[in-house]
Structure formats: C-alpha cells, structure tokens
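Worksheet for the structure shown next.
Order as written gives the chain letters A, B, C, D, E, F, G and H; numbering starts at 1 within each chain.
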Amino acid sequence: MSLEPGFCDLGFAKVDIARQKRRGFPEVIYSAGKTREQIKNICRELINNKQDLLLTKLEKSVYSYLKKTFPRLKYNIPARLGYLKSANKLPKGNVLVMCAGTSDIPAAEEAVTTLEVMGDKVVKLYDVGVAGVHRLMHNIEVLKKANVIIVVAGMEAALASLVSGLVSCPVIAVPTSCGYGASFKGLAALLSMLNSCSPGITVVNIDNGFGAGYFASMINK
Amino acid sequence: MSLEPGFCDLGFAKVDIARQKRRGFPEVIYSAGKTREQIKNICRELINNKQDLLLTKLEKSVYSYLKKTFPRLKYNIPARLGYLKSANKLPKGNVLVMCAGTSDIPAAEEAVTTLEVMGDKVVKLYDVGVAGVHRLMHNIEVLKKANVIIVVAGMEAALASLVSGLVSCPVIAVPTSCGYGASFKGLAALLSMLNSCSPGITVVNIDNGFGAGYFASMINK
Amino acid sequence: MSLEPGFCDLGFAKVDIARQKRRGFPEVIYSAGKTREQIKNICRELINNKQDLLLTKLEKSVYSYLKKTFPRLKYNIPARLGYLKSANKLPKGNVLVMCAGTSDIPAAEEAVTTLEVMGDKVVKLYDVGVAGVHRLMHNIEVLKKANVIIVVAGMEAALASLVSGLVSCPVIAVPTSCGYGASFKGLAALLSMLNSCSPGITVVNIDNGFGAGYFASMINK
Amino acid sequence: MSLEPGFCDLGFAKVDIARQKRRGFPEVIYSAGKTREQIKNICRELINNKQDLLLTKLEKSVYSYLKKTFPRLKYNIPARLGYLKSANKLPKGNVLVMCAGTSDIPAAEEAVTTLEVMGDKVVKLYDVGVAGVHRLMHNIEVLKKANVIIVVAGMEAALASLVSGLVSCPVIAVPTSCGYGASFKGLAALLSMLNSCSPGITVVNIDNGFGAGYFASMINK
Amino acid sequence: MSLEPGFCDLGFAKVDIARQKRRGFPEVIYSAGKTREQIKNICRELINNKQDLLLTKLEKSVYSYLKKTFPRLKYNIPARLGYLKSANKLPKGNVLVMCAGTSDIPAAEEAVTTLEVMGDKVVKLYDVGVAGVHRLMHNIEVLKKANVIIVVAGMEAALASLVSGLVSCPVIAVPTSCGYGASFKGLAALLSMLNSCSPGITVVNIDNGFGAGYFASMINK
Amino acid sequence: MSLEPGFCDLGFAKVDIARQKRRGFPEVIYSAGKTREQIKNICRELINNKQDLLLTKLEKSVYSYLKKTFPRLKYNIPARLGYLKSANKLPKGNVLVMCAGTSDIPAAEEAVTTLEVMGDKVVKLYDVGVAGVHRLMHNIEVLKKANVIIVVAGMEAALASLVSGLVSCPVIAVPTSCGYGASFKGLAALLSMLNSCSPGITVVNIDNGFGAGYFASMINK
Amino acid sequence: MSLEPGFCDLGFAKVDIARQKRRGFPEVIYSAGKTREQIKNICRELINNKQDLLLTKLEKSVYSYLKKTFPRLKYNIPARLGYLKSANKLPKGNVLVMCAGTSDIPAAEEAVTTLEVMGDKVVKLYDVGVAGVHRLMHNIEVLKKANVIIVVAGMEAALASLVSGLVSCPVIAVPTSCGYGASFKGLAALLSMLNSCSPGITVVNIDNGFGAGYFASMINK
Amino acid sequence: MSLEPGFCDLGFAKVDIARQKRRGFPEVIYSAGKTREQIKNICRELINNKQDLLLTKLEKSVYSYLKKTFPRLKYNIPARLGYLKSANKLPKGNVLVMCAGTSDIPAAEEAVTTLEVMGDKVVKLYDVGVAGVHRLMHNIEVLKKANVIIVVAGMEAALASLVSGLVSCPVIAVPTSCGYGASFKGLAALLSMLNSCSPGITVVNIDNGFGAGYFASMINK
C-alpha cells in the first residue's frame, strides 16, 4: 500500500481519491449528517479527479441544491441515491434484485442503482414474499439464471432463506426497517437473516441496499 | 398447490388474486411504506377480481385520496383501517373483543372491523382493565358466551391472563404500544402476554389488531 | 364465576381442582422451580380429584421419583413432559405438528403429547425447513388436510410464514431456542414469527410446545 | 450526619456499625462474591457491636461453615438467607406476603424472614396467581386486613396489578426470574410490574425479596 | 369485594366510581391516547359522583379545552397534570420531593401536585445532584425531618442510593428520561435505581412522578 | 425446481439428497440439539448417496462415537467440525482466512476446513489485530493476492473495516463471541461489522465460520 | 470538603459556585430540559461569581435569546455549545481531536471548544476513518506529538483501537450516534469502543464530546 | 511508524515485540480462549525479548501449569492476573483504587496489580459505597491526595459520580458484573457510569480492572 497522500484535504474531509485505484470504485458519499456545502465540495473534488459519484441517504432537497452545480447528477427517488456516471462501462453479468413487498422497494432500488452505476446488468423481481409463494415459484427460472441474488425484506424476512435453498449462487440479504411493533425498526429482519438455516447467505446493515449492491458487483463476473 | 401464476404483475407488486381461493380471504394491503398511487393500483386489481378490500395502517389522507376512485370504500378512524365489503355474508358466531383501557381502542377497533368484514358477529367490551376488576366480573356472562376472545391491552397487559383463567374458549392477545417509559412501546405488554401463566393464549405483534381479528375469524365457527 | 373455594390448599400451593370444569382441562403443573416433594403432593391432589396429569419442564430424575408413587405416569423424553391420562377420549380431528429441523423436535414433541393427552389426533411432519423446500412441497396435501397446524422452528423460523401462506387453516407458531450466536436463545425466531407477513398466525413463548398444543386442542373441532 | 468514623475498617470491608442508629436496622451482608472468610469477619464485627445479622444470597455450604463459629445463626433454605436475631421485638402489624406460584416461594420467603427479623408480623398467601383467580377472591378479607402487601410473581406478573386494584394499602412488587424463554430471567415480570395500570405499586429488583421485606417493614406501623 | 357494578358505562370507558371507596382515592385519568371528548366525558362522570380529578400526561391544549367546561380545573405546566380538588383536606405530614437536576423538575412537579391533591404536606428540594454533594449535605436536616422521600433523577440517578443511606425513612425513586446517548431514555436511571446497594428504596416507572406521589401519600402518616 | 421427493425420510429427519445437485454442495449437518444416533443415521444416508460430510458444532465425544462407524471421518478440534471428503477436487483459487487474535482461531478454523472440504485453496493469517497494525501491514501483499478474504474477529472487530479499506476483493466478516463484559457474547463485534464504514463487507452470524467458508467458496473462482 | 453552602439557591436550581475552587472548572450547564429563563438565571449567577460559562446541548434559538442579555456569549454551531471565557489562560500542551468522518464533526467540535475554553491547545485531524487508512498513516507524526488524543467516531468506530495501537499517549473515545440501522443510535460504536483490543482507551457517553474534552484537559500537562 | 516486522510469528500468534518501544509497555496476554500451550509459547517469546509479562483472565490452574516453566511468575488470586516484573522501576506518584463493596475487589485488584507492574504507587480504599457515605467522607483527604482515581463498582455504581464531584483529578470508572437480576451482569453499572452527571469521568469495559490500571498509569505523572 502506498502511504503517499492519495487524498485531498478539505479540512472537514479528506477525500480519498486513491480509492478508485486501490479498491476498484471511488469513495462513496454518506450524505446523512453532512451539510449541503460539505457535500458539494466533496463532489467537486471527486469530479475534478474524474471519478464517478454515488451519494447515499441523500435528501431530495439537497439533491436539488447539488443539481444546480452538477447538472448531470441523477437521483433515484425511493432509494434517496444521487449518482453521476462518467462513462458507459461494458455491463457485467446478471444480478437479480428481489424484494418481499412493495414497502421494501426503497432499499431494493438503492441496490439496483448502485449496481447500474458500477456497470452491472440488473434484473428486478419485486413483491414475491412468502405470503404467496407461487409468485416466487413462477419465477424460478429467473432465479436460476442469476450470478448473484440480492434479497431485500423486512418483517420476518423469510424470503432470504427460501431463495437461498433454491439456488446455487450466493445470496446477499438486506434487512429493511419496514414493519411495526416487534419488528423494532428492522431488528427482527436482521436477526432472522443472520440465523438463516440455509448456508450461502451473508447479511448487510438494515436498509443498506447500497452495501449489498456494492458487494454484489464485486463478486459478479 | 397450483404453480400457475394466480397473480397480477404490476411491476412494483404482484397482486395475489389466488389468495381468496387458497386461504379463504383475499390479500390484505399493508399500506405503510407504499405510495398512494401504488395502493390505488393494487386496490383496482383486487376489485377487478371481485375481492373484498382491507387496508391496514392506512393514513386518513390516503383514504380520502382513494375514496375519490372507490366511493364505496369505508374507513375506521381510530383503527386506521380502510375496507370495502362486496356483499353481505351470513354472520358467524360470537367473537368478543375486549380492551383494558380507552387508549387501547385503536387496536381493538382494528380487530373489530377486520372481523366484521370477514363476516363475524362481534361483541365489544372496552375499558375493563384490572385496576377495577369488578367491571370485568360484572360482565362474566358476556365472556362465557364467546366462541373466541380477543384481549387488547398495553402497559402490563395483565388482562389477558386473567380473562384466560376464567373461560374455556381460546384467547388471542394483542399487546399495544400504549404507555410510556419502561413500556418500551409495547415490549412490556408483549413479553407479559407471551409469559402468561394461564394456558389457552396466543399472541400477535404489537398493535396488530388486524392479525388478531383475522385469526379469530379463522377459528370462529 | 363461583367464588366458592374450588381449590385444595396445601400451603405452598392452592391446587385448582375447579379448573377442569371451568376451563375444560385440569391444572397443568409447571415443574421448574418446584421441589420434587411439592410436585408429588400436587399430583396426588389432582389424582384424588380424578383429573388428568400434565407436568411440563419435568426433569427425568424427578419423573423417576414420581413414578414410584404413580406407576401409571408416563414420560416423553425429548419433551421433558410427564403425563397420566385417566381414560380414553374420542379423538378429535387432525392437528398437524411440523418442525423445521431435527433440533426442534423437543418442543414439537411437547405439543404432540399435550394434544394426545387432550384427546386430539396428531399428524407429525418433521425436518421440513426452508433450506430444502421440496420436502415441504412434497407434503402439501398433508398440510391441506389439517384442521390446525403447529409450526415449531428456531433460528430464522421462516417456516411459519411459508406454511401459513399455503393453507386456509390457523397456524400456531412455536419459536425454539435452537441455534447459536445472534439467535439469542430464540429471540430471533420469536421476533420473526411475530412479524410474519402472512396473516393467520399467532405465537406462543419460546420453546412453549405445551402452550401451542393446548391452544390447538381448544380450536380443533 | 456525623462524619466521625462509625465503621470498623477490616481492609477488605468497612463495616458500617453506625447504620443501626442512622437507619434503624444494621448493615445487611450481600454474600455473593465474598469469600467465606470475609463473611465470617464481617459477621463477627457486627455481633461484637450487638447488632442483628441478615445475610442475603448465602450459599448453604457457607452457612454451614459460619454455623460453626456462630451457633445461633439460622437459615431459610429456599430464601438462601442467614439471620441471627439478638432479642425479641414487639411485633409490628400485619404484612401480607403473597406469591403467584409455588416457584416464586424462594423470593417470598426471603421477604418473610427479613420481615420477621425486623420484628413484623407476617401473613403468607402463596400460589394465588391469576390462572385461577377464585383462589385470590376467596381470600379477599385477608388482603383487606393487611397494612402492607408484598406481591411476588414471575412470568407475566399480573398478580401485582390485580391485587393493587382491590385494596387501599400500598403494594410492593417483587418480580422473579421464574419462567423460561421470553421471560428473559425476570425482565418480563419486571417490566410488567413497572407498567402497572393500577397506582399504589412500587417495584424492587428481580428476586429481591429482601429489599421488599426491608421496605415493607419501614412503612408498616 | 362487591361485584355490583360500581362503575358508569360510557361504552368507550367504564368509569370506576367505586374506586374512591375501595382504594381511598378516585380513578385517575391517563390522558395519553384518549380523545379530548373522551376525557371530557370521563371528567363529567367523576364530577357528577363528587370525586376529585387528576389527569396525567395531559397536553396543555387539551387542558384549555377542558377548562371551558370545568372552569375550576387547574394545571401544573411542567408536570402536564390537570387536577380539581373538591374540598380542603387536613394536611398529612411531611413528604420531601427531591430532584437531582433542573431537567428533572417535570416529574418532580407531577409528584408534588399529586401529593397536594391527595392532602399531603410537601417540601421541595431541587437540584441537589451528586456532582456537588455539599448542596445535599447542607440540607441534611431537611432530609431527616421527612416521613417519606421521593427522589427524582435521570442519567445515572446516583442520588437515590445516596439519600437512602442517610435516612431512616422510606425512599421512592423516580427515574427520568432526562439525558442522552446511553441513557436510553431513562433505562440507565431505571436500572441504576433498581440495583441500589442501599436497602429502603422502591422504584416506579420512568417519568412516573404521579405513581411515586400516589404511593408516598399512601404511606405518609 | 423438481418437486419430486429428492429426500430420504427418516421420520425425525428428511435428508435432502438433492441438495448437492441443486446447490452444488450436500446438506451440512448442524449437530447441536441432535442425539448421536440421529446424527449417525443422517451421516449414513448421505454416505449411501455418495455425498461429502460436513458436521458443524460437533462435540468431540460425538465425533469419537461416529468414528467407530465411519472410520474415514476427520475432525478439526478447535473448530468442532467433522468432515469426510469423498475425493480430491481440483483446488480453486486463493481464499485468505484472517483472524484478529489467537482466541478467534476456532471460528477461523471452521472456515478453513469448510473451504478445504469444498475444494478451495486457503491461506491463513492469524493474530493480526489492530492493536499492533504493523503485523497486518507487513503482510499486505498476502492480502492483495486473495480472491476473497474472511476476517474473523471478536471484541470491537475493527479488523474487518481496516482490511476492507485496503483491498479490492470482497470481505466476509465473522464476529466471534470472544471477549467479556460489554462484548455481550459477540453482539459488539456483530454490530461493529454490520456498521462498517467501508463498503465491500458482508456479515454472517456470530461464530459462524462455516457459513463464511461456504459463502467464500461460492464466490471463489 | 467544606460543607458550608458554596451554592446559590434559585429554587429550581442550586448553582454550585464552589465548583471552580473544588474541581478546577466551574459548573457546566446541561441545557436540554431546562427552560430558557432557567438557563438565563443560572448564567447570571455564574457570571456574577466571575466564572466561565459552558452550555452544552444548547439550541441555537436559545443561544440567540441568551445573547441579548450576555452579548459576549459565543456559540459553536455544529457542537451546539455556548461559551463565555472571561480571560485568556496560558495554553496547555497539545490535545489532538480526531474524527472518523465528516458526520462526526459535531461531537468533535464540542470537544474542541470545551478544550479551548479550558485553556488547552488543540490540533484537529478530521475524516481519517479506516476506510482509507493512508489518510491516517500520512499523519502519523501528528499523532505522535499529542499529549492526549480524542477519537470521535460513529458506526463501527474502528478508529479508536487503531489509533491507540500506534501511540503511547492516552486515548479518549467518543462514540457518536452517526449511522443508521444496526448502529442503534450509537450503541454499536459505544460497544465497539468499550471492547477495544488495544489498552490505553477509555470511553465517554454517546455524543459526549464535552465530557471527553473536559477529561482530556484534566490530564493534559 | 516502522513497517518492519517487529513481531515474532508463531503461526497461531504474532507476538508484538515492538510494543514496549512503540507504546511504553509490552503486549499483554488476554488468556481466555487460548490453550495453555499457546499461552506458554507467547510468554516464552516475550521473556526472550526481555519484556515484562501481564496475563489477564488467567485461570489459576493455567497459572500453575505456567509456573513450572516460569518459576518467577506471580499470581493475584481474586484478580486472576499473572505477572512477571523483570526489574524494579522508580515508583510513579499516587493512584487511588477505590471500590464500592467487598464483592468488587477482584476487578479492583486487577487494577492494583497492573499499576504495580507498570511502576505506579497505589493506595487502596475498599468498601466505601454510598450506602454508608460517612466511610467515604472520613477518607476525603485520601481522595484529595490522589493524582488519578480508579472507582470500581457494580450494581448502581453511584460511587463514581460522587467521587468525581469531590475532587479535581481524573476519575476512571470500572463497572463490575457484581449484582443480580436487573444488574444484567454489569450493564446497569456500565450505563450508570457512562451517564454520570459529573464531568471528569471516563469508563472502561465491565470488569476491566486491567484497562483502568493501564490507562491510569499512562496519565499518572
């Protein structure tokens, strides 16, 4: 590892411009807790260094503010994800992003856009939760064609184990905060996915569609 | 199980129109986390397939929006429950819905309306918590006439155990998020009900009056 | 409710001999935390009043001790359940007891024996967890024939939701403490079952096969 | 407050011999986590200062060890409580110690012996949990005669609220670790008692029969 | 216990008008989760039966609404407590209400007003937390004169143990939700008070100044 | 998916002999909570179907028992893992298994043996926790050569984030129960890994070296 | 310790004017939960006694209100910290305040301003989290020059352990509530820091930059 | 930072022999979860490099095993701490180690021995908990003479705040797992100490006397 700087020091932030080279994808901006001015300055630094932009947990109003300076910046509304892709890449193979219910779509879309920015080909299969399992079984060939599957689910999150048991590809599970009462803002789904009886599953943080998309892109070949 | 579709694919949702046949009641719409347009489209699909509607956790403003398209849609205010019952059914026997305090009425009403939409006859007994147990004892004949009892209670939720010990019919316990401090938004009531020293009780999620009503209807004969 | 005694006062215990009449089944003895002498004396009181015996969480060594005094007492080893059924009853209809994995059998057997003592006809379907869902699908006709289904599962407990989505009968879910790490001794399974996306499920305490069997018997007709 | 010493310094302990005078009862020895030699030395110091002894959470084997040195030391087996009362006091009025089930007797007995050592007159009412509430109702006159009531209960601990609603005297609630699964070693009972819908209840630590007895003695007049 | 009604049935509430006679103080209205109309109707019923009013967790705007109908109704702003005392009672002896910091005053005032409505004489000692213990020590004679002490404290709530160790009267501890981060909305203070190393303390729910005042009044003689 | 049986029904277990074909690796036996006879019978069934064996959480004494029947069965002591590999496979590329401290070796070894049974080439790098980060930096070329990295760590589990930030390959994080006090049996490590500020990490259950090894093998190419 | 008053009694507060002398720094005002009038009166008392002011968790609108009365009062916006330094002190040696990400700056700034008011010389090093560790390594000489280091980090908070392993000076760790999902408002960071595998770290409450700054000033020489 | 090795690679461990130079004290061995052979080999490596030994959480039986090879190794029984100090150092100034109760002595002794091995002068003050605060007040001059104070306490851990409020030196708080019920193995004490209303306190892990001693030595001058 080079210990030369490889970063731009803005005082409040040290933008890691070496990350693209070191890790294969630029630094991603976690927008929560940053002021809009801070975000803008970090974006400018990354663009000046010819890097793609991905901004997670980005409020729509902040997006509108940034859009004035960076007119090519795009936004996925349910995913609250800003992005700017500098050039087209050759799409990599098939990642399937599934979600259990319509209320899980925000985290699923965060994964989808992350994958697309990273150059992956994405197939979506939404609202196939186990309450009506025939919706899943009807699509079993779609599952079998995937290189990697991301399963996004809240509440009891049973879908992850079920899908994993049907396929030979890796499954990345995203618990969501969807639900109420004893879902405890996604804790139930998180524990459920961590305790899957079916091997071949790993888990990311609650509502972390971005992290799942990022990891899926790393293993999609 | 038939693996033919049995669902309508709207992209963001796969409406399970086979559910009425398979499970005896149509798909119920969990409204939280869905956009009003998504809810409207799912409703339309179910109505087109001649199914009853039940929409849980429905904001009143969304109800007003839906009412314009579906003028026969009704709404239970404290329960935040939308519903549309296509035809009268012969009422099934007696389900008793009890609650411990006035603050528990929203979850109780959610159970009541669910039962009524599913064709059950409901008796209500509200505000009979153990702080003044003579209110309960005065109504003991009402308890003994029930086929099934739903007990809705927050805080320490002692009512469920007490009722169960007095009757020979099954008791479904609904913990509510009513309370403050160490009620931890219903956790105290949930744990209390799960640990009942009196057998003959099962439990649903915090504030899940719908789930209790649905289950009670299944076992009410 | 009669306020006449209806109990035998042993000092350390007040045996509820009115329970058979009031609730349809005698008092059940929770054995943990009681001395063997206390248990013996409670058993004698119930037998003298011509009631069936059911002893939950009964250590095998205590069973052996009791067996000397009550030679007809029986014991289910994995369930740690002692029982003595005074006479044959006409078996009631079909309750299906399912479990996800072999490690869940103790709680399942606790339900099975409880049901048998209470006069229900039981069908068992073990080790049909979602890691290999074809084992479940192959038995779908068995599911459809049940009046009531008890689903026993630990870890992520996905089986309960899946089964519920396939049938029109009520499902009683029993979380088990089976698992390790983030299963937190059954908490993951409990939360999962409470948050089922499929209606028609109620839940009992972790490892409470007895409570599930008791409730199932109440609603089995 | 006097700031003169008022204690004996043993190095590992500073025995508070002023406590009898300051607080009306001598220092009580919490035995867990102390070596048997440490306990013996503290006892000797208190006896030399003519004070009563109360040793909580005392293992029986340690009691036997102490008995050799202090032959008048007594022991309550289920309560794991050692005590030595130097002289008879005029008994104070009536404290009622109730428990919900036989498995709650250890904590109840800890309260009883504490009260007796402190000179209170105790009435016991055991195994009157809400699963068979007629056992409680049959004894309602016993409740009404009490100056103070201690309610000891595990699992859902519904008894505390129920009793409080029937009487005009103060109720001290002792949650116990009795139970399994989602009782989480007494957490369910503790939360239940803290959230009582009936005013007139205060709560002590899980299994802290001693603390309840001590407090009851303070307010018993 | 009389099983005649002793309550007024308003449908949504069964007002317990026998409570004054049975328990020495009328039913207290927990205002959270009730509509303003419901509260008004319950108040009217109690007034018609010549009972005092106490309304906890009452929003100021609801108080203003009620004031129009019941012009004699009073309100304690920080305590969010409405009350109406029908007649003067002979004041009972001295209850001391202490709080650790200024931020704990709302719960302390809830206790104070409850006590005053119930006819107790109250002394206040505020902002005497352990960060500057000389403030407490300077007032030690005030502590020694009390019949009962209520200690209200958030954060680490050390004050309760400290006070208890200095006096011979009973101490009722009220944890508050005051604090941030790892105070977890009062959980830290609650656990601290439950684990006091000094006997003579009992605990009520987080922020439950009312419950502490009510209990203190019961034991104040 | 074929719905023909594809399993052997042993009553207490339904051995999923179709799993090798469906998922690329046979059913793995979770040994905890099963009797030794049950385990033996499941092993026999898998061997009869010419499948590899992997037995997780296997007590050494049970291994010795099984060894008598299956003399080729091997055992990894710290990992408590039994295995039987029917034939040599061509080794797949490089998986690096790292652990932070010596106390984390059991989970690391569980991953290593799982990988070796599945035909992967493994490199080990143990005891490179962040307390002495030069040990890690000295091995940075080893990290860069890996296709996949498994990071096993307890306590604060900082190693996972640090490693992920240095490499472009995917990182699978295994929290361990190593530690004491506020590690809460691995909860601290689990939460730490789920909240990694560095993307490219997914997480498995506490102490689940097997699950990490299995997943790593799926993505190792 | 003097037991003379040493405080000013305002009724709602007892301002500890002896604290400067006793502890080396005046009483600090925790602003949350106090009314603006209460805060103003406490400030006036401290100023009258010629003490510095530090007001934590101070809303900006309250600051503006106070500014009218105390025009020299200053405010650190992200830290929500008001302060008034009566005179310049000779700066003490070097305290380094580091934070992992830009979102952690509020707590870091709270520490910085606290240190500056207390007369310490501060060096800042922001956004050096482990996702790009070269940013830290590039500044290693800055670390080595510090007398004391404060590490502020949310999410997995790995930075604290890493820094501690590189230096010989004490490290004070401040977990922040920055993050989402399983960060549980800083719980993950708190547990991580408490479980550091590297000795030489102590921890303060979540978001308690003030406490860390205060402690650092005490040990900075 | 030097990136030359600076460690001895034993395969299962990489002994950090550069730590003495880098951090001022050698690597400390956390003994839990290591085999006795592993511990012996690590010890030998450190001794060969002329470094002091400190072994935390060391079972007495393992100590006896090690003693055969390293006859100069010493052991503190309640602290479960092995140590070997190669040469006398000039004692540094005064660190005061206090504990609230006799049951907290193990963690206190762990701090004491750590300090002594690191060359600090230690004063002990045991059993001065707040239940009898005169024991503390009597020793106030001892407190005032300390450079650094370590406060060890379980249960409600009120001592830490109280001590901090009396002195101008830094206080390091060690929560202990001493207690029962709602102490939740030290969680209550930990939360209490983290929420101290008195600034000047930092906290270490539950029962981590070693960490407190190590940190105190760093700041003791």
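Just so we're on the same page, a contact is a pair of C-beta atoms (placed from the backbone, for glycine too) under 8 Å apart; a residue touches a chain by one contact, two chains touch by 3 or more.
Here the structure is a predicted model, which means the values were calculated and not measured.
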Need the graph distance between subunit A and subunit G over the touch network, please.
1
Give the chains in contact with both subunit B and subunit E, ordered by label.
D
Hey, which chain ends up farthest from subunit D, C-alpha centres compared?
A
Look at interface A-G and say which pair in E-H, B-E or B-D is its repeat, using the rule that over half of the contact pairs are identical by residue number.
B-E
So which has more C-beta pairs touching, D-E or E-H?
E-H
Averaged-CA centre spacing for the pair subunit H and subunit C, given as whole angstrom:
49
Measuring from the mean C-alpha position of subunit A to the mean C-alpha position of subunit B, what distance in angstrom results?
35
Whole-Å separation of chain centres (CA-atom averages), subunit B against subunit H:
56
Identify all positions of subunit B at which a residue touches two or more other chains, and write them in rising order.
1, 30, 101, 131-133, 137, 165-166, 181-183, 187, 190, 194-195, 197, 199, 205
Chains touch in the following pairs A-B, A-C, A-F, A-G, B-C, B-D, B-E, C-D, C-F, D-E, D-H, E-G, E-H, F-G, F-H, G-H
What part of subunit F is in contact with subunit H in the complex they form?
101-106, 126-128, 131-135, 137-138, 178, 180-183
For subunit E, which residues count as touching subunit D in their complex?
1, 22-25, 28, 30, 137, 140, 165-170, 172, 190, 194-195, 197, 199-206, 210-212, 214-215, 218-219, 221
Across the complex, what residues on subunit E touch subunit H?
100-101, 129-133, 154-158, 160-162, 164-166, 179, 181-184, 187-189, 191-199
Contact residues on subunit D for subunit H in the complex?
1-7, 11-14, 16, 18-19, 27, 30, 32-34, 38, 42, 57, 175, 177, 185-187, 190, 205-208
